[in-house]
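In what follows, chain A forms one complex with chain B and a second complex with chain C.
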Partner chain A sequence: MMTQLLLFNVTNGLIIGAFYVLMALGLSLILNLSNVINFAHGGFLVIGGYIAYALAPYVGFWGALLLAPPLTAIIGLAVERVLIRPLYGRDPLYSLLLTFGLAFMIEDGTRFIFGPQGKPFAIPPFLAQPLSNDLFFITGYRLFMVAVVVIAIALLFLLLRYTRLGIRIRAGTLDLETVAALGINVRMLRSLNFAVGIFLAGLSGVLAAGQLGLEPTMGTGLLMPSFIAIIVGGIGSLPGTLAGGLLIGVASGVTAVFFPAASEAVIYVLMAVILLARPRGLFGEEGMLT
Partner chain B sequence: MTTHMFNSRFDRRTLLKGAAALGAFQVTSPFIIAARGETPIRMGMVDPLTGVYAAPAGNEVMGAKLAVARINAQGGILGRQVELLVEDSANDVGTGVQKARKLIERDQVNFIIGDVNSGIAAAIAQVTAEKKILHIVSGGHTDSITGKDCKWNVFRVCNTTRMEANSVSNVLFNKYGKKWHFITPDYAFGHTLYDACTDDLKKLGGTVTGNELTPLGTTDFSAYLIKARAANPDVMILLVQGSDMINCLKQVVQFGLDKQIHVAGTQQELESLAALPPEARIGVWMFEWYWKQPGVPGVEKFVADIRKVNNGNVPTARHWFGYTSAMTFALVANQEKTTDAVKLATALENFELPDDVKLQPNKVYYRKGDHQLMTSAFIGEAQSKGKDDPEDLYRVDEVVPGDKTAPAVSETGCKVQWPS
Partner chain C sequence: MSAEQSRKLIVLVAIWSALLFAPYWMAPLGGYTALATRVLVLGLAAMSLNFLLGFTGVLSFGHAAWFGLGAYGAGLSLKYLALSTPLAVLCGILLGGLCGAILGLLIVRRRGVYFAMVTIAFGQVFYYIAFQWSSLTGGDDGLRGFARQPIDLGFFKLDILTNANVFYYFVLFCFALAIGAMGYILRSPFGRTMIAIRENERRARFLGIPIERHIWIAFSLSCFFMGFAGALYALVNNFADPRGLHYSQSGDFVMMAVMGGMRSFWGPLLGATVFVVLQDYLSSVTVNWMSFVGLLFVLVVLFFPRGLLGFFRRSKA
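== the complex of A and B ==
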């Protein structure tokens, strides 16, 4: 009985973790290349979700899933161009404060446009079924979510590994100065990289909307675990972020079996322990942090 | 410049500091309504306009605004116009207390209303008692506010958690069975509601199979639901509120758990039902007020007035809380012809609300002894779709008067200490 319960919660933790990973990867991309700690990432998730909500009556769930993330990325691109680009040369605290403020503005703006009341977001009925009575927590939609996350991660890694853009992003992460010296347009590189990150936030938003419904504050609750995933996994390492997300998902799920009230706190404890034992995070490269 | 541009690496401390700041994710938005006349009477309202309780809080404010408009149209308080000053507690105790102090010390308000969050309401009550300001807790339910921590200046409009549990426990027990498993929000409100429910359950001869304490603002309830299901109860009792209620009920239905175990609870709100997909509007609950009450005086006009300012939507219990809180101040002050807090508090003991304020069939009054409003519980069942109105998402089966659901004053632990 106990084993089954544990097994269930580990599986469940992996599902939740997969979602954190999607969000954390976007954050991580932006952090690694541009040194911008994007506190507005949760805000972009909300934008993605609400765009999908606004589009769904016309284009259906699938149309919204396809359209909302690129539209969010375009908004992200504009924000990067107008607000964030002027701060690249400055201390990272500037962009941190900017995105922190931006997060408030997005939350209140959403509340202003759509109201403080939550909104339901319908998913196709065939996805809304659980696998079986026992494995009730694995619904079609959650499996679908994991599949989307896996595909998105695979595409992202292919992009980074094999495309010119991806190779430049990775090179820039390690040594942006040399990349610039080689004649690569660093501004454009940062913009595109930011857009890819925000695309992932938008995608997370649509997926979260189907799972949780919509609420102006939904981004805040989902952002924190994603930050922790990055710190646990190690800054500068995308595979680390992947591992970090899954790890905190499982840790939180397993804790819920024994001590439910601590299932939120446990991810912070995990972060503290990992930082003490290995300050660079699980897969972080030495020297990424000063 | 260029070197700096490339060397501006963040350090871990920056990241950690930033992450900690995220925890304090709050925004303030004070604003003033209806400033007229030279020496207006000021009502201060502190409610969590941002955060998980933004929807109910916004509705309480809307109700209070309607009350102020009506009060001013009828000549104000003691011939003076009334101003409503609203502050955002951001669902944080420290912020709430600070805002209450600001309203009292800087804005010199005569009355205070608030907060939706029980913990904040209790903390603000300390401040209002110290400053001798008449205070009505509009929407915080935890028992102690009109129980062991009651104060001479504090009155409460919404039910106590005890009243909520007592109103519906019998129905839940008889309809769903005797093994209950709880999903409880991990703060003052949840704890006292859980205690009240389990006391009732024990009296009825039932058993508790477990209690999942969930942090306020939980988005994913799956881990708790897995555990609750494994305990094999007859009914899963959801005590969470606001967006937590929405997320939890939604996941319960997605997982098909409602087909395996009964799902119900105590307090349910129209705000939550409206945000749920139709298939997740299930279960027996209690509402603290409901907009559809054919033949009850004043309700139709109240509904029509709120619709005008609420995008055509009907009022919820929260609108009524805000409205009744503000109306109470005007009624009692005009009756006593004073704004003196001690005199008004004395007059409010056993003060009965008139038809156009109580908006429900039973007798409604602030009980002497604990200052709790004896307001009704609307017992019934959630409906997936409204029959005549899309917002008619609840079917009221019974309206139980507050006298029947509230424990006797002697059982509340309240002993009011009046200032000498």
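== the complex of A and C ==
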């Protein structure tokens, strides 16, 4: 029974961790290239979820899953173009404050349009079944979510590794000035990079909607753990973000077995310990932090 | 006396007389004394944050933690230790300041956005503690069951509990003490060094200034001031709220500092005044006040990045 409980919570932790990773990778992309902490990232998750909710009656679950993330990314592009682009090169304080205000507006706007109550988001019935009686907690949807997250992350890493855009993004993270000097359109690069990050937020929104239903505040709860995933994994390192997200997800899942009240606090303790032992985070490179 | 000096003197006299007579001129304008007291306390908090943000150039986005700790320190002291207002204020200052100083050691090596991220994350630690430790802090409902106590001066008793005006002047006195200390520090060689770090960290380092130590001291001092403001806030409300520690509260403080003008000493007080009055008004006329506050953030960043004072100064120049 104990092992089953433990397994249950580790699985839970991994699934939550997968969400953290998806959010944190998007945040991390934007942070690394543009030096912008996107406080509105949780807001874009909400937008993704509600777009899927609005589309689902017409295009079904699968259509919504396919359409909502790119639509969110397009909204992200517009926001970047109008609001965030004027702030590049200024004190990072300003982009922080702006996205902070934007997060307020998105949350309140969603409440205004869709109402404050939670909304259910139907998933195909065959995905809602548990796989077996012993492992009742592993529903098809959870496996499906994890599979989607894994595919998304794999595609992201392939994009960064092998495509021209990805190589430019990585180069820009290291030295944007040189990239600009080589004649690459840095504005465009930042916009596309922002859109990729927001796409991931939108995707997490749709997946989260199927698991937990929709609420205007659903993004805020995921934002802080994503920050911590980035800090723990090492700022500037995407594999670090990936490891950090899974680590804090599992840590909070396991703590939930033994000391439920501390399951959220434990990720902060973990962060403090890691920063004490290794100030640049697990995979961070020397010099990225200062 | 040069024109510049006399101009400064006139501004100072104007600010202090406005503060001294606030209970008398606010009422006819539709305000109330408690609103003035809140402006003063939040203004002190914004100025404490700006001590770090505007004068050392270090972006802390988790300062609400020290503010909230100050509030809980004062509340817990009144509830469990002794019925004494000065002791409560002292406990608040110490709790906020010491926690800030200790965590500051972990934080000060980082810069820019990374400093902001780590301060946000550490600030949230205290939010979760206040939220989860219900037996001590009252959890989500906040800490209740305490009230500020009249202050016995021996020959005279200050009834700050029931008389709103007396309480306002008590807060004004504390405010004056705190910002007096702040002004004194900023004029000292240490304060000048802070500004040197803000202007050009690398050059300051080459001059042999121990940057990390200076930033840590500035951070800690700012946390003590923040704890002071938090303790006063608990006395204002007779209540300490976990949301006072949340990062969204930190965002409000940063906003007040930026909206008023980060580069000036009094700017954050102006920002706090506008912010508090606006929020008070908006939340009374619309349930969607959050959108308007968010819109305010966006507009200030895009159109008034130097704050109201910076805007006036530039348009005059």
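The rule we apply is simple: the second predicted complex is superposed on the first by the 285 of 290 C-alpha atoms of A that agree within 3 Å, B and C clash if a C-alpha of one lies under 4 Å from a C-alpha of the other, contacts with A are read in each partner's own complex, and residues count from 1 in each chain.
Operating definition for what follows: contacts are C-beta pairs under 8 Å (C-beta built on N, C-alpha and C of every residue); 3 or more make two chains touch, one makes a residue touch a chain.
Please read all numbers here as calculations on a predicted model, not as lab measurements.
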{"item": "Which partner reaches more residues of chain A (counting touched residues only), chain B or chain C", "value": "B"}
{"item": "Touched partner set for A:A261, first chain B, second chain C, both or neither", "value": "both"}
{"item": "Chain B versus chain C as contact partner of A:L102, first or second or both or neither", "value": "second"}
{"item": "First, second, both or neither for A:M218, with chain B first and chain C second", "value": "first"}
{"item": "First, second, both or neither for A:A272, with chain B first and chain C second", "value": "second"}
{"item": "Partner chain(s) touched by A:T3 [first = chain B, second = chain C, both, neither]", "value": "neither"}
{"item": "First, second, both or neither for A:F227, with chain B first and chain C second", "value": "both"}
{"item": "Which superposed partner A:P92 touches (first chain B, second chain C, both, neither)", "value": "both"}
{"item": "Touching partner for A:P120 - first (chain B), second (chain C), both, neither", "value": "first"}
{"item": "Chain B and chain C contact sites that coincide on chain A, given as residue numbers", "value": "31, 35, 37, 39, 90-93, 96, 100, 103-104, 107-108, 111, 224, 227-228, 231, 235, 261, 264, 275, 279, 289-290"}
{"item": "Residues of chain B touching chain A in the complex", "value": "1-6, 8-12, 14-16, 18-19, 21-23, 25, 27, 29, 49-52, 54-55, 57-58, 186, 212-215, 217-220, 222-227, 229-230, 243, 246-247, 250-251, 254-257, 260, 271-272, 274-277, 311"}
{"item": "Chain A - residues contacting chain C, complex", "value": "31, 35-37, 39, 83, 86-87, 90-98, 100-105, 107-109, 111-112, 224, 227-228, 230-231, 235, 261-262, 264-265, 268, 271-272, 275-276, 279, 289-290"}
{"item": "Chain B-touching residues of chain A, taken from the complex the two chains share", "value": "1, 4-5, 8-9, 12-13, 15-16, 31, 35, 37, 39, 88-93, 96, 100, 103-104, 107-108, 111, 115-120, 122, 128-130, 133, 136-137, 139, 141, 176-177, 180, 208, 211-213, 215-218, 220-224, 227-228, 231, 235, 252-253, 256-257, 260-261, 263-264, 275, 279, 288-290"}
{"item": "Residue numbers on chain C that touch chain A, as the complex places them", "value": "53, 59, 61, 106, 109-114, 116-118, 120-122, 124-125, 128-129, 132, 247-248, 251, 254-255, 258, 288, 290-291, 293-298, 300-302, 305"}
